[in-house]
């Protein structure tokens, strides 16, 4: 028996205490029908600053017309006193980040924030791809090269979503 | 009236005098059903050496399982005395190029070789994408970033080809 | 009349409120006899993070045996609420900075800190070279390539200092 | 007993069959008084093309006013049929190399050319530094970072040469 896309689990909701670059809170359920690229990072994580954050911004700009939503998630699990929302705001300004970024909600008495726990992320940067039907299709910790990212995001972008049915009784049309 | 993929012209055949990294001559018509990434380069073109050739090799390795064929084309239009087949062979060895590379046939009395003329290429490096139905879908002169290339190659890789019908009388399946 | 090194002004003292990677406060006067590389940066300045800070660390490691002291100076002139000493401490840890770094003292009611004003720095990153006799020999705002930096630091490192007398009984010659 | 610069051996003459970017043959002995940066490379050696050759050109441009002569040496020890003088000429043109480059003379029946043998070079790229007195001061096979190169070239550039006498009536002191 082979694996099909329907075997992938539904991506859980994220929990965000504050949003930047967004008019109102972003809800994963409300993004159903779009491909969601979720990028977990910390503003003082060198690999995030040099690679992950600029890559997320490039995806945001390149795939804007393809029904792809890029969402940054500030998953602070160390140096909490340094990576505050006010510091994050300055960081996003200085690094010219224009895509929406949410602050993963802190868990009382624990270093790892809520969404990071829910998604069982190993660390930062992590890249998560969610398809148009809300299924978790890829979760990668560490650096992922641009060619692979372009391939994987486009793979999902070319799939039809749950509400964008590509077949009628009489015919099927290409998405 | 909108543009559809059927509006794209059929990609013309290439003319090659010698092949490297190939057991036998490669024929564009015989690759019908596959996506073809044609990479025109010159071994003494700095942008080809630093960017185009390694990118073509990355595409070759990453998309091997997706029905994508990468073909290099040595389109020598200057320094003909330096960029001979014997020099190309050494170049391909030193730069660890494993994808097939053909030598564009010289045109008597003219600097620009035949396939380069047929495709009306501006220079090197140039990247050409041909879909599963043999249509010329993209032609780009100069540097194209990896994220864009991953996106465009995957766009074509997810399309069904002419002989790979995705619908039977009873159902349609996703490619 | 040509310019000689004696025409360069004496480098003014820095004013630091807190030190990192140092057992005790560093005093410019106490470094007389050494070449001092002063690197002004901000932890949320992209050019500092990608270029200036790692370069300062490379100078620190390479020139350690040449009587060259590298001193970082955190000259916060914007986003003061984000670039606090506690945030700087986390930054230095995450970016593996091992050379001494001082926090330029804030000036009440003004955005630009004291040493930055004294040295009339245009912004960050800035690289300042002070010779063994305490003279300000180079002040550069922006990126300076490694080859140039290696050349300029070594130029000063090969000069004798005030205590390394180049005089004989009869004459003194310029270093 | 410590090592002094006078312990370094005299750099042997190079043997060149053809020069590029030079009005007349360059002779090591005639460069006495200058620092000589000798860069051994092959035009189809990837590390030479991406790193060594552009670095040699940067040294040439930056240290032109410091009495430093940069000399490239094409030490072909493999793919002789590909790396001919005519191919080298095209390479130097395409890569905008402006410093003088000599072709190391072939040795009948042997793959390694004469100067490469004389200097006992391990391979390409190799960087050789010769001081103003003609002594071989550094020989490095492989990549050497710009900061180190800037430091080492300047170390020699600040030394006085044989014709720049450091002697007084009573004594001579080592540079």
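Worth pointing out:
Order as written gives the chain letters A, B, C and D; numbering starts at 1 within each chain.
Here is the rule we go by: a residue touches a chain if its C-beta (ideal position, glycine included) is under 8 Å from a C-beta of that chain, and two chains touch if they have at least 3 such contacts.
Every value quoted in this text rests on a predicted model; they were computed, and no experiment measured them.
Contact with subunit A and subunit C alike is made by no chain in this entry. A centroid comparison over C-alpha atoms places B as the chain most distant from subunit C.
Per-chain CA centroids place subunit A at a distance of 33 Å from subunit B.
If each chain is reduced to the centroid of its CA atoms, subunit B and subunit D end up 41 Å from each other.
A straight line joining the Cα centres of subunit B and subunit C is 52 Å long.
Not a single residue in subunit D touches at least two other chains. Taken as a graph of touching chains, this assembly is arranged as a ring, one closed cycle with exactly two partners per chain. By the contact rule set out at the top, the touching chain pairs are A-B, A-C, B-D, C-D.
On the subunit B side of its complex with subunit A, the touching residues are 55, 58-59, 62-63, 66, 145-155, 158-160, 166-167, 172, 174. Interface of subunit B with subunit D (complex): residues 44-46, 49-50, 78-79, 81-84, 86-87, 89-91, 93-95.
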